[in-house]
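Below: a set of structures, written as structure tokens.
What follows is subunit A paired twice: with subunit B in the first complex and subunit C in the second.
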Partner chain A sequence: MSAVTPAAPVSVAPGERVRTRTLSRRARRRKVQRAVWNAVGLVVFAVLVFPVFWMVSTAFKPTDEISSFTPTFFSRHPTLQHFRDAIDPQQHPYFWDGVKNSLIVVGATVAVSMVLAFLAAVSLAKYRFTGRSLFVVLMIGILMLPQVGLIIPLYVVLARYHLTNALTGVILVYLTFLLPFAVWTLRGFILGIPKELEEAAMVDGSSRLGAFVRILLPLVAPGLVATAVFAFITAWNEYIFAYVILSDQSRQTLTVWLASFYGSSRSTDWGALMAASTLTAIPAVVFFLLLQRKIRFGLTAGSVKG
Partner chain B sequence: MSSSQVPDRAAVAAEITPPWSRRRRRSPWQRAGNSSVPYLLVLPVLAAIGAVLAYPLYKLVVISFQKYGLFELIRRHGTWVGLDNYRSVLGDGVFWRTLERTVVFTIANVGLTMLLGTLIALLLVRVSSLVRVLLTVGLVLVWSMPVVVAVQVWYWMTNYQNGVLNYFLTEVHLGDYFQHDWYATNFSKLAMVTALIVWGAIPFVTITVYAGLAQVPSELVEAAEIDGAGPLRVFRDVTFPVLKPILLILTSLSIIWDFGVFAQPWLLVTASGWNASNYLMGVYVYIEGYAHSDFGRGAAISLLMLLIVALLSVFYVRQMVKTEEAG
Partner chain C sequence: MWYRYDLRMAAIELQGVTKAFSGGVVAVEDVTLRIEDGEFLALVGPSGCGKSTLLRAIAGLEDVTDGSVSIGDRDVTDLAPRHRDVAMVFQSYALYPHMSVRQNLGYGLKVRRMAKPEIRRRVDEVAELLGLTDLLERRPAQLSGGQRQRVAMGRAIVRQPQAFLMDEPLSNLDAKLRVAMRASLAQLHQKLGVTTVYVTHDQVEAMTLGQRVAVMRDGKVLQVDEPQRLYREPRDLFVAGFIGSPAMNLVEAQIVSGEVAFGEHRVPLDERRAPADHPERIILGIRPETFEDATFASPELPTIEVRVAVLEELGSDAYVFFQADARLVTAQALGVEDTSLVADSTPLLSARVDPRTGARVGRRLRLALDPARFHFFDPVTGTSLLTSEAPQLVDSVAPAAS
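Our next item is the complex of A and B:
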């Protein structure tokens, strides 16, 4: 193995030489190990990402390549036709309704939940009060509720107030699930602000509100943005409640539109379906990639330090 | 958490005040305010949740004791039938078989998610930084896929006519999968759902465990290696004890999520693919209660399911409250 040391200096003691040789052997073994791990890593990467790649790649392929029995991985004649088809009002009339409805629902939910959740998060982070633990249990408990178990009562109650098949109904339901998430996450961000900064502001004679606006708010702003974006993604991706509550196609959100896409014609137009899937995923993916470092979802907060 | 950032002034305070009063050190907000402020701040959230969640939950309990179908939905009140709905559900073999199947399904899904997620996290530590960045981006990409989108892609890949999975398996000579229908048997259907769920759940587990691995002292690992401990031994005696609380939290979260899962199985197997012989709990609740418009019986099933999940959640919630009070 190590026959590449013919010109070893004579002055080196034999024991010394053995040691350097074993050291280099260990280093080499390390190198081989690292190469093996890298190879495994690349395979894992390929398997994990393949479905996403396959979605995008199919969306750009001409139909004859899609329906061929031997798939092509990178199309030689990429086309935008499937994207045109997916959003063409003649073929799929409800795409733009879906976009509009999703934006309305998500916008309203995020705006309201951020304001309300911020107040509650300040209360949790800055005060100790009776019933505080109970409130925390309530917040975490709601996040754990399986949504499908709540379909019936929510449907029955919304039907009574004529809120089924209305975006308002969906917004109200989303609020209850986004509020606990936002409260919990924002509370973490507020706790991260050094107390000294606020104390200094108060010593300087600022009023509590003044300290709040000038010191706390700018410091929490990044946290507010991060939480808002995650709330956006959650609401944008939601399917179950939108599916149950909204029955008119013109009132459905984008995920419901996409889910009904498959059954809309006898022979599936895979190209258009993948194009539609890509379009639906884009906002979530973009926001997620921008923000993934900011948050570890708060769900495991405390168990992981740093 | 926040006290770790407090500089020497706090250290001085720590020396002159007994520990119990240090813990009660109040923030400037509290000193300046009166005691009703925290309640006022929490009130809007409580009101919103009370209106949209508490009332329906109360309604759920009431309806579960009633005959409540479409007629009653229009008439807006049901007829009291006592425990009939519960008797009907608990006396139905389908409920018990569904529960059994869901437990097995949950164990398989959580087991695979935790195993693969942890293995990939351990892999992340060992690869070069370029591969690590690549893998991380891949994980985040998978994490961000909306469930509905993932289902469509999965359906396309496992399509029996020209799905890429059949092509690939045939190409690598794992057998003849030409036009193999992955949705033909109950086991195969649920296996596809499992693959979809595990794929989607791995990134959260991996990224969290990877963050936890940063807490494992590298001197300890090196010392163990020099003492001749193999990789398995190092994991068992050095890495695992540090990761244990994180793995416990992740496992309990995954159990809660997978037990009540609905969107993935419902959409992937499609409505016509479900029947009493392959129900999962979420699908069962949806079909028997909502789709059949038998809201009374559905409410009874929902409540039983919520109770089971509540029992499963006790550990997680207690753990979170504990860290909350420490922080």
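Our next item is the complex of A and C:
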């Protein structure tokens, strides 16, 4: 699939003038270039998409086809059996608990982080106060710390407040790294909006709050959505912290449930694992698809300059 | 076109307005100024002199550190911008990018809870006035620079405020459009007659648009006058150098027994226009048009002989540049702008002469000059040495005052 199709040779009539010939040569070179770039694009696309494709396609294959030595791209006898197995309470219990727990954790994390981060970002972008730059530096500092190194200290702190094995604890931990990220991103979006827009609204008759709601908010909305999508996906896919903090199976999130497919018996049930992975990925994809049309950047174009 | 503007305009009065920023920068210092009802005041000065800050203080976007602002006999010093009933046109236009032109124009009316049909009617009227009717459903991003500028103007007009505040509204346009917009701005003011404060750093714009012009420097207003008076009777060295293009020649001189001496030249003074009381050394100001090629000038005028260093022939005029053996006060020294390309080039004096002049570069030329149009300044304080009661210059050459 990485084959580069050479551009068809352009025939040049013997009597044609030199200028036309050089032109057509340039056109040909451009054609070749475009073909090469398209091929590169396809390769990158394939590398990115193939694992996902393989996961979904395997989920639908009967078991004997999965373990067969001649791989197939699409199953000839697609089946839903693995999906049934994956969520079968007898074989792999707690699927619906995982869904519920994940939705609670992610929902709370996204909601709280977006509200707090937006307010913090506005004050960081619009107001001067002592310690402002220190605050910004500290936030970036937190983002630079390796998360794995924080597991034990965070666990100790949570244990002291009896928040281990509780969804609240997971939400708090997620907030510790999603909040700085969201504040930082939103601050950038807000700084990108010229302050004259709000000032114009204030001279036009809006109060400070009115200008904020009618001018600033609609203009940062794409930034809010983009940040929320990122926060959702990060929290939804998080595994390590959830695994460490939550010990009861009924309190586990979906990613922890998914991990239980490995090594529980000597042979991994690949079909069920792939089906479970597919199920786990669906909410994040749906959330992204719902919101992606709202992420439109460059909304401030045309407000300033000639 | 006819446009109905409910005249509720008002005078703007500034009393000792001072604005110091937190970093210690005093952007505006003790400005006292009255802008009359219906007047067009141009606020001009070099970059960073505090023009925008003063305008924003009038609008309420900047709290004043000291002093008071009143609009229409109402003290608005502590009022929020929305309660001041003024409209502002920003240099960047600041159009709301997520709204159509119609929504942009109607925004100020909508937030004031005006009835929808009335908003529609007013927006349509203003759009008609400014030729925006066909653009009403577009977004700002789909407009040209000139169209954006008109939308910004329209947004101000449609509210029918007591005063317009404009911060370099034309500076983002290209030169040709700027001249056209300047003319229509003047027309618009004639039609609406709304009190307007217009900030610019372009002295030509200030002189052509302003009924009065206020010259600012380092946060202070140096002189407020009608354009012609500002040009003919600058009360300050900076104003003298800033207003007029090409700039006034400013040269160190001495007054000795009825004569003024600069460099190798001595010119008898006109006793009707001579400083009564002056220090030993002064600064003499001569506008380029005060000179004339002696061949074409009245024979009574005194003359000096110069060596032509540069000759610029423009068809309608010719400019002769020459050296004098005297220290010049340059635009650089006044902090206006750096006009010399060559770092240590000797500054030249400029003289406007008749285009039929026989001047040649490198040759000597006899120039006549009119002492009745000289300016004298104190070299230390920079103030004019001519008392304001001194006879105003009346002469045949200068264009008629407005």
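In the analysis below, the second predicted complex is superposed on the first by the 233 of 306 C-alpha atoms of A that agree within 3 Å, B and C clash if a C-alpha of one lies under 4 Å from a C-alpha of the other, contacts with A are read in each partner's own complex, and residues count from 1 in each chain.
Going forward, a contact is a pair of C-beta atoms (placed from the backbone, for glycine too) under 8 Å apart; a residue touches a chain by one contact, two chains touch by 3 or more.
As the structure is a prediction and not an experimental result, all values here were calculated from the model.
Of the two partner chains placed by the overlay, neither subunit B nor subunit C lies in contact with A:L167.
By the touch criterion stated above, A:L197 is placed in contact with subunit C alone, subunit B being left untouched. Once the two complexes are laid over each other on the shared chain, residue contacts for A:I215 go to subunit C alone; subunit B is not touched. In the superposition on chain A, contact of A:A275 is made with neither subunit B nor subunit C. Set against each other, subunit B and subunit C differ in how many residues of subunit A they touch, and the higher count belongs to B. Contact with subunit B, but none with subunit C, is seen for A:W54 once the two complexes are overlaid on the shared chain.
By the touch criterion stated above, A:R128 is placed in contact with subunit B and with subunit C alike.
According to the touch criterion, the shared surface of subunit A, contacted by subunit B in one complex and subunit C in the other, consists of residues 128, 194, 196, 199, 202, 208, 299-306. Across the complex, subunit B is touched by residues 33-34, 37-38, 40-42, 44-45, 48-49, 51-52, 54-55, 58, 66-71, 116-117, 119-120, 122-124, 126-129, 132-133, 135-138, 140-142, 144-157, 159-160, 172-173, 175-176, 179-180, 183, 191-192, 194-196, 198-199, 202, 208, 211, 233, 236-237, 239-240, 244, 255, 258-259, 261-263, 268, 270, 273-274, 276-277, 280-281, 284-285, 287-289, 292, 296-297, 299-306 of subunit A.
Residue ranges of subunit A in contact with subunit C, taken from their complex: 128, 194, 196-197, 199-208, 210, 214-215, 218-219, 299-306. Residue ranges on subunit C touching subunit A, taken from their complex, read 22, 59-61, 80-82, 84, 86-88, 90, 92-98, 107-108, 111-112, 139-146, 148-149, 155, 159, 172-174.
Those residues of subunit B whose C-beta lies close enough to touch subunit A in the complex are 1-2, 5-7, 9, 24, 26-30, 32-33, 35, 37-39, 41-42, 44-46, 48-49, 51-53, 55-57, 59-60, 63, 68, 73, 76, 120, 123-124, 126-128, 131-132, 134-135, 137-157, 159, 162, 164, 167, 199, 202, 204, 207-208, 211-212, 214-215, 245-246, 249-250, 253, 256, 259-263, 267, 270, 282, 285-286, 289-290, 295, 298-299, 302-303, 305-306, 309-310, 313, 316-317, 319-321, 323-327.
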